[in-house]
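Letters are used for the chains, namely A, B, C and D, taken in the order the chains are written, and counting of residues starts over at 1 for each.
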């Protein structure tokens, strides 16, 4: 029975909590949950959310129900969620401007958060906290030093605490949905492997980028020569606003741009970036994409895509899947990370050096890998390659 | 050295002829030729077009160069094409209004066309004649009777002549790019198998439908519930105009609609159809697509796609591939049809009863199949399934 | 105090009834009512709907509240509407398939409907019944004959009854929102002028066509040479379905196509038409538009517009305006028709021979005309021309 | 016979020079020249370009023909242009990084440029130099001081030199097409009025903003409540690249944003900005626009616009008009500025404090104003208002 702790109670986490309960109650169909129809050995009703960690003082101490109603305008919240509480999370340098913590307080805050995690006894930790710019860690000693000096990004500090928890309490899975390099930190991956712990990440693959990847795949498979790719995003929720801060946007850009080269096999001019904030859009992003390519005998074609997408529910749907997938893999003794999982669910798939794949290919590989676990008599994992 | 005869000298066939020669001359890159970078054992420069068959009296007797200049406005035509001639093709009931043939003339015309084919000695016959509405043939006796009575669709008559040619001259490949059921006629498939002949078809997969299929696959893999699909097409070339005639449009509609059910695994309201003719667009179609779907926790999203695409060069690019693929399969003793080929290149893939696949999956399967032929030590053909 | 009778209780009429009551109650802002902020001498709260006429037996005898709830899914309906009833309307040949009336019954039905109108004592009659294909009437004797023979289109029969009512009861206004030529029938206009009655029409200007007209105006004012216009519409309500029937669509096509020539001053290839029915869209149409034009020094540009629009509320907003405008003009002794009103609110503006105008120009002229009535000291009506 | 000097020989100026000569030679139609069909008393063939000023050392001393071929890839350049030369322009602080000028050189450079202008004897000066961020000048003494200290923006320095030229040589017109406040500097306007000189500006109205303004006008005239406006632009020419520099972009943003408030009459969230640079687009911008609005009875609609537009030819077309309009107004003794001209052709219309208008209204007013000059017996200038 997987117990889930969630770091960050924004829109996505709220949709995850509410949607999961509605799913258990049979009120909604599992739309937006990619592997909903696949038997992963664990049902939706076995998933249990045990608590949330947050840095926003207005949310700490409240229940999910209260936060959902007050901050995100949900009118009906499943009853069970009034029993799930929000605990104090890590307010490091990245959000210090908003939720200040002094240098002296830092060590004690670190221990408080660790005690909270220990109390919650999660099998799975989801990190959906705000985007933070940081570099990957190759060396555990350096990470450890930065953690205690308050210099590591919060998501990396949480990873460090998760490693400590795994050491003391046994295997668990950490899934990092934000762009901060966690699963892409070799130091964290190696330590996880030693402790039988799983780490997935980084940066949950919602929004327009997965579709862009698949359209590029579509063009590659026809050997059409892409000339350029423009992809604009504009959103109106606060998560989106924070993306646009210079340093955070930089983290994001690093994440996304690799898909052009990785999927097409050659580079072309591209502009793929969260572009602006427009309050009136709320949680529903507007995306515009323009791709120009050359076809046979010099013909030039163009594809224009416009989307209105709800990002938070999309991420929440992936969270439901990853809870089940994490549990299946934990139960089967996997540790470290599993590339096929990251390649489908993440924009910047771990381990470091993993090339982005189009999602349709990543999906095929993921399904084969999971099937081979569920039906071990199968003849191995046929891997679908990318460039013939 | 594959010899290619082409039925129908419209825009697509003209682009095929010119583009192939420019490709051989190194003037263009093989963009729009899906498997250009794969070694299929036969190079572009080995492909030879030996002649065209046409029903338009203004084209018959001319060379490809003359037709390309006069009808399609090409200014520069590779020199070699002034040696390739246009022969009289079959003007049956379907185009009798435009290019009349009396009932008495029919048998002799049939024999004249057969003699032309025999003279051209093609290894590969491409049928890119105009869309004709017809039903599939299950029974060879019925087909034979209709052929001689002038009641079968021209593409089916050509198939009959190709079967005769294969019987007398040995194996060849027939590729039907129009929606008339040829490869989907069990009678033709069975007769081909007996004669070591290959038949591929039906309805070359260009335009927006392959992209629609792949976007639907993208949604299916996320278990997003599609609510409806609208896909408009408007074009300005004469091929497009003929599509809009009532009966021909019906043939087309039958072709395309199956992708929604086949790819998604459930049916939803959809409108996918050539919609109108607008002369100012010329060969460059305008496509508009609207897909609304439900994501997690009741969220409703929408995707709008607009395309400007040159259909004829796109089809011509597939023709280059199919010449090489046909030759490879003929050389390796394949006969009848090969589903993996049709599933990628055709909108209504043979044999009858074949479910449409998204193109990304069809592509993977095609590549595996071809690789297993080229590198026979490989461990078999792993087949990528569709609905996990 | 204007009393309003409405012919046809579909989605638009329902939105009109509900929206007007909500407007009076201050529950909504008058968004979508073009002249809401202009003092026309009559307030929203003075408008009174006195009854509806319908041919659908399931609606006849019910109240608007019941129809709104049962047929159109409205959950909250303003209380006052439970006092407004639906009466039997004219079921002529056009809808005879759906709601049959025998030839013998016709004369008595005609009288019954007339009695209903007389009972309702409307100052304003809105015709929002279903699109019917018909020709304009130049001659009153011919119209009269066809009315009694059951051969005129229902909207033309209603116009005849309205003329009779005006003769007996005094001036009233008839506004025809469907494409049937009513205000474009010279016979009706002349008879109305004689009776001090006003007739406005035909075909309420909602949907994409007004925007298309204004985009064409934008291009014309820059002397950009439009090469072609494609405009697709797909909708999911039953009104839309009926549009697609062959003969009705023909009526519609006739209506819309003139804008290209009229606004640009030259003709170009265009395809502007209700294109298809897609149930999943419901009342919210999807529109796609493509315009290619030539700019300075041979440059070629393109504009692509996609819209999701609720047609019925848009029409309902115009109805609110036209109630007030009709009353103002009636009160000031206008009769026959008023071109400036039709040019803004209608797709096929009366009187016959009126050229379509871009909406921005029509709006300026309408506002000037109305201001000159409200402030008669003004120096006359400066008319904004179209082609300098 | 108007003599025209042009500051800045980028893409727009090159299109202006080539297009004008082709127009004179009858090789092209005057598409993209708004008032081409209006008799302004001066023909295209009377317009003469006498020289260009540039800061790019690679262009100085060359002819327009050489620049058009080498920098902008034009293959055919009208012969007459090989007689039109490029002179050294002002390389001030704004472009000092690219084309350095030392503080000591500044005064002598200023005089050299003035001598060039004097030599060219222009009636009309077009400023299409690169966007520079600056503040308007209210006080002439302050402007004069900044000019000699090298602290005013180049466009403002040119304006100062033009004023000097007007004083010495008589009336001329200066048209500022870049966003630097020139016509919006009260100091410059007043000085121009004293010298019988005309100043038009600022920021030529090309690209998506004029269409956005007209779509907003369309919505305003229906009293639809706009909820938010997103408008992205991405381009690939070097002018566009320079726009994206922080400070220059700021100038641009200031320019554009006012249209929402000015046209609608209320403010809403909006994001309207040059968004990115994508080399593959070249001179052809991609624009994506999203507008959500509320219609009657709570209905919510959306309009999505995508454009591919060639900005430089569009601006060049306006330049042809402004040459003729400037000459007409100069000939009729106008001085200072003329609001109706700026309101149609400029994004930030002078004089300071002028509210943005939708272009369709600005067009009507412009045409009336010009007609009243050409046909002075007309009864005055009826002005079309904005908010009824």
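Keep in mind that, in the parts below, a residue touches a chain if its C-beta (ideal position, glycine included) is under 8 Å from a C-beta of that chain, and two chains touch if they have at least 3 such contacts.
Note that the structure is predicted; figures quoted are calculated from it, not measured.
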item	value
Whole-Å separation of chain centres (CA-atom averages), chain C against chain D	43
Chain centre separation in whole Å, for chain C relative to chain A (CA means)	52
Whole-Å gap separating chain B and chain C, where each centre is the average of the chain's CA atoms	47
Sites on chain D at which at least two other chains make contact	302, 304, 306, 308
Pairwise touch network: line, ring, star, complete, or other	ring
Interchain contacts (touch definition) - all pairs	A-B, A-D, B-C, C-D
For the chain A and chain B complex, residues of the former touching the latter	15, 18-19, 22, 28-38, 210-211, 214-215, 217-218, 221-225, 293-310, 312-314, 316-317, 320, 358-361, 363-364, 367, 371, 382, 384, 387-388
Contact set on chain C toward chain B in their complex	227-230, 232, 234, 236, 268-271, 273, 275-281, 286, 288, 290, 292, 302, 304, 306, 308
